[in-house]
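Pasting a structure here, questions to come.
All chains are identified by letter, namely A, B, C and D, in their written order; residue positions are counted from 1 within each chain.
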Amino acid sequence: MAILPGFTYTLNSIAYAAAIGLLSMGLTLTYMTTRVPNFAHATIGMIGSVVMLFLIDRVFYDNPGWTLFLAGPLLGGLAAAAFSVFMYVAILRPLANRGNTIIGLMIATLAVDIILLNILTLILNEVPGKNIPKLIGAPIIGFQPKIKIGNWVIDSYTIVLPLAAAVLAVAFHLFLTRTSFGVAMRATIENPDLASAMGVNVSLVYTVSWAVSGFLAGVAGALMAFAFKGVDPAVSALIIVTVFAGSIVGGLASVYWGLLGGFIVGLAEKIGTTMINNIYKALFVAHLGFPNISLVNYEKVMSLGLVVLVLLYAPRGLAGVDWGRLASRLGLRRG
Amino acid sequence: MVDWWIFSDSFLVTLLVYVTVALSLNLEAGFTGIPNFGKHLFVFLGAFAAQGIGVRIAAWVYEKLRPEEAAQALTDVSRLVPGASKWTSLVQAAADTDANRIIVNSYLKPFITSNLAVEVLLAVVILAVTVALAMLFGLIASYAALRLREDYLAILLLSFGELMVMVIFYQTESLSGGNKGLWAITFTREPIRFALIGSAILAVIAFLYAERIANSPMGRTMRAVRDDEVAASVFGRDIALIRLKVIMAASVLAALAGFFYTESNASATARTFNRVIWTFLPWAMIILGGMANNKGAIVGAVAFLIGKRLFEYYQEPIGQALHIQAELVGSLLPNILIGVFILVILYLRPQGILPESISKTVDFRRLLEEEARRER
Amino acid sequence: MAGVTLRTQALNAGYGRFHIIFDIDLEVRRGEILVIVGPNGSGKSTLLKTLFGLTKVYSGRVEFEGNDITKLPPHARARLGIAYLPQTNNIFAELTVRENLKMAGYKLRPEIVEERTREVLELFPFLKEKLNSKAKTLSGGQRQLLAMAMALIRRPRLLMFDEPTAGLAPKAAKEVVDRILWLRDELGKTVIWVEQNAKLALEKGDSAVLMVSGRVAYAGPASDLLADKDLGKRYLGLKG
Amino acid sequence: MNVILETRGLVKKFGELRALDGVDIRVPRGKITLLIGPNGSGKTTLINVVSGVYKADAGKIILDGEDITELPPYERFKRGLVRSFQVPRLFAGLAVVENTAFARYGNPGEGVISGLFRRLWRPFEEETVRRAVRMLSFTRIRHLWDRRPGELSGGQMKLLEIARVLMPDNPKVILMDEPTAGVNPTLAHEIFKFIRNMRDEYDLTFLIIEHRLDIAVDYADYAYAMAFGKVIAEGDPRDVLEHPKVIESYLGG
């Protein structure tokens, strides 16, 4: 029995991991700037899913061409960014100014999460679809251009999603290093007082970080809409745990590590769990008589397990690990 | 006018259960500063004891005491439920989502209510299981609480609660019935009365307990740990031990509340124990009432639930006015309003409505006067 | 009075409820170095922060070039021509040297920043080789000089240093001190210099303020204070 | 000399920096010992290591004959080591009298079950509160007993911090980090008078970090001076203050 999962499954897993990576990256960014762990982050991503669904229903229903993959993420990202900025400027910042503690702000993000989740659900239930009769739970996996390689038919979102993640990561990196506002953002993250003394509008930097974070989430959400059986904002409740796991594994101190952490956790959940399941079946069930149960359902244990391991052994996440020293200790490098 | 019946027995149980959960969360979050964002798990433990574990214990006792009847039950249920050949014992069948309903309602309940000794004993055992589960999971949660900063701890507890409920209990049918849930073992011929009386006693105990502890040296120590861990440890307190004790005590209260809640519904499904209604709502209640204020927690619980109930009651007219489906008014709008309400409270009173008061371990004023007299 | 860059009158300040400095009167003339010395906990750093608007002023007045700036926020004082260099965290360690210089001229027009960056690099040639390295790779002394270079991009008229030599090896410390003198001698800047190493500072400075327990215990020429044979006792507050 | 607290070769590193570089001190029983030195000389680090807030990298800490180097802070407290903080670390949600009463350890009612039984802890609690009231009147803030720390002035906060360290039963050594920082000179004198009274009345031992040497020197019995993580002088406070090495460490080369 094969230990490695199948080709399509692997593609799906990579796409899922890329989406989690984008979400973890945004979560890490706003944590680094404003120190708020945002529990509404995954639901903000769902705004992207909802936008994608409406685009398919109203515009691309008959001809889901490649422009869908441009319009969906872009509009979904912008909508999510708009909400994210609204959330920061109109809700979190005033609450912080009123003297709420970090726990108070976390509760506030939970409150926003509930409000947003229920509003999105309400919209999908109440706004009639033009072509798709019932929007809530609508399976839209078919509405995408197909890629055929020989006998393989590939869901094109699985190619677009990792690509989008790569493009956005590079674009964000260029923004952070090549534009003076990006440099100011890094400076503000490191030392807001000094940055402000240099004339940086710190509160604008914070606002922009929420916009970027929301945009990344919206893009991930728009493309991820294809991955689930039907569009239902409630899946954000499942995803947010993985996103936090990714951010914590990354260390909540670097957007790049956030992206990578999310990617690792996403892959571990999908491919890791499948491999463990296959090994279990091939070895423990077949030869040692263990009960024949599926371990695939336990994918969330994987993310929690990683979080626990990281918090116990590398409390500052992968970003905090001294890789050079680790390499020399393992004999990979002379040092 | 509101019809009195909307405050039915089952609503009252819900109210009392929430009072207990809010008081329990207040002990952790309000007094000790432990940001338990995974409260739903601890409430669910009581439900799990009543259904997943309860039916197994009851079926086992049934098989031991009335082997012929139990064998008959297994045969009967195998005829009624397709694909039943896989069960080798009634214990297995009783925890199956399809057979569970028949076995619990047609066999186990009549058996339990016919024998007072069995009934009392079973109730005691299931309550003991509830307490044991709560303490076990409390121990695990407090292990994390020893090492993590409060925001990381909150994230971890939320993930922990979410994952435990979602994975261990919800995705795995054999434990607690998965999506369909399981019927619970209930007691007396009027289970709702049992639940009402039980949850009322529990709520009273929880209040008296929380008040006594708050006004004892322990309450003062909990608040000190919350305000400054380092200073508290420099003054001789083992922070880890204090948190452990508090989480244990609070978890037992929450799990017992979950038990009586399940008793009033006669069944439970893991997915309904989500973080919105069993973590966020209790947080909303204690924030409304003022953290570290037991009376406030009760006021918060009562205010929220009555508001929510009225909303459900008026869902038809509200739905017509807003042009949305009535059932969405009942299920979605209250959540939205609770969210908005919380934001408003956080904005208006970051410290809650009722402020924290000085503890009354002893009569400070009298001692002050006595000391002043002595000095003169 | 002409030639006075900065003056305080009966200044009382602190942090929140903690009143740290009491009734401070001092003045610094244009183009001179005023050193502020005193044992730790005497309020030197708090005084400097107060001059830059980073503490709570209970009463009194601060004037810069004849204008009352007591109520101005820090960034407004920076705009008027005051640079404040805290002891630590005065550069962005995670940014490259080039980016640090860019940040220093954040609100200025790009051409101006470019031109001044070129000037500053001529003055601090060692920075040229490090332009694309992260600032955290610089040595302690180099970091202080980078902070100084960053301040100069804004062309301030008054520079205020908070213990710039703290934690530096003697050679690096000397380099930093030489640069402070050079600021006065070559660039004609006015300098306020808080220093732990009192003897060193008094040797180099023009005028001096000795702070003890939050009050001014001496104000006058630096050389007079240095020559005081009871300097040690006076410094520790044992002799009024 | 009757030594109650001793450190032997104490080392504490922060990265490259050796904040404590082999510190040996011997604190005499029943005396007020000053710990002085310029900024960054390692005084507060020493207090933090001795009280257990930081772990030592090397060396030993001996309290009344017992090696306490490896003990967590709360165990050191139980053995009689009490400390105050430079910036008062008061419990913001507790009233002044509660802040003070908390500082006495050993209440039998400090448990999630024992707390329920008033009879168990009431006598202890009454005694604790009486003592707290006495300490508050000693430090002249009794009239503020029901206020929160947030309502106090800086000086009052320092006084509360001092009242607190005097609460424990039979403290062996009281470590104080700048008890007079941020208070006016008159009050600073009063604080030191009060400390001296406590020493005389209860035969307490104090180790005090202080910068207001002009005030402190009149009250202290012994002094240690530190620079660059090492002890550079010890002895009679006035002698230590006039020691050339000490003056040099303050004035610089």
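Basically, contacts are C-beta pairs under 8 Å (C-beta built on N, C-alpha and C of every residue); 3 or more make two chains touch, one makes a residue touch a chain.
Values in this document were obtained by computation on a predicted structure and should not be read as measured data.
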Intersection of the contact lists for subunit A and subunit B: none
Contact-graph separation of subunit A and subunit D, given in steps at minimum: 2
Contact-richer chain pair [C-D vs B-D]: B-D
Chain occupying the most central position, where position means C-alpha average: A
Of all other chains, the one whose Cα centre sits farthest from subunit C: B
Whole-Å gap between the CA centroids of subunit C and subunit D: 34
Intercentroid distance (Cα basis), subunit D paired with subunit B, Å: 45
Distance between the centres, which are taken as Cα means, of subunit C and subunit B, whole angstrom: 60
Chain centre separation in whole Å, for subunit C relative to subunit A (CA means): 46
Residue numbers of subunit B (touch at least two other chains): none
Contact graph of the chains (line, ring, star, complete, other): ring
Pairs of chains satisfying the touch condition: A-B, A-C, B-D, C-D
Complex interface listing, subunit B residues touching subunit D: 209, 212-213, 216-221, 223-224, 226-228, 230-239, 245-246, 248-249, 292, 356, 358-359, 361-362, 364, 367-368, 370-372, 375
List of subunit C residues in touch with subunit A within their complex: 74-75, 78, 84, 86, 89-95, 99, 102-104, 106-107
Contacting residues of subunit C [partner subunit D, same complex]: 14, 16-20, 39-42, 163, 166-167, 170, 195-201, 212-213, 231-233, 235-238
Residues of subunit A that touch subunit C when the two form their complex: 180, 183-184, 186-187, 190-191, 193-200
Residues on subunit D engaged by subunit B in the complex (per definition of touch): 51-53, 72-74, 77-78, 82-83, 85, 89-95, 97-98, 101-103, 105-107, 109-112, 114-116, 118, 121-122, 125-126, 129-130, 133-134, 137, 142, 145-146, 164, 168
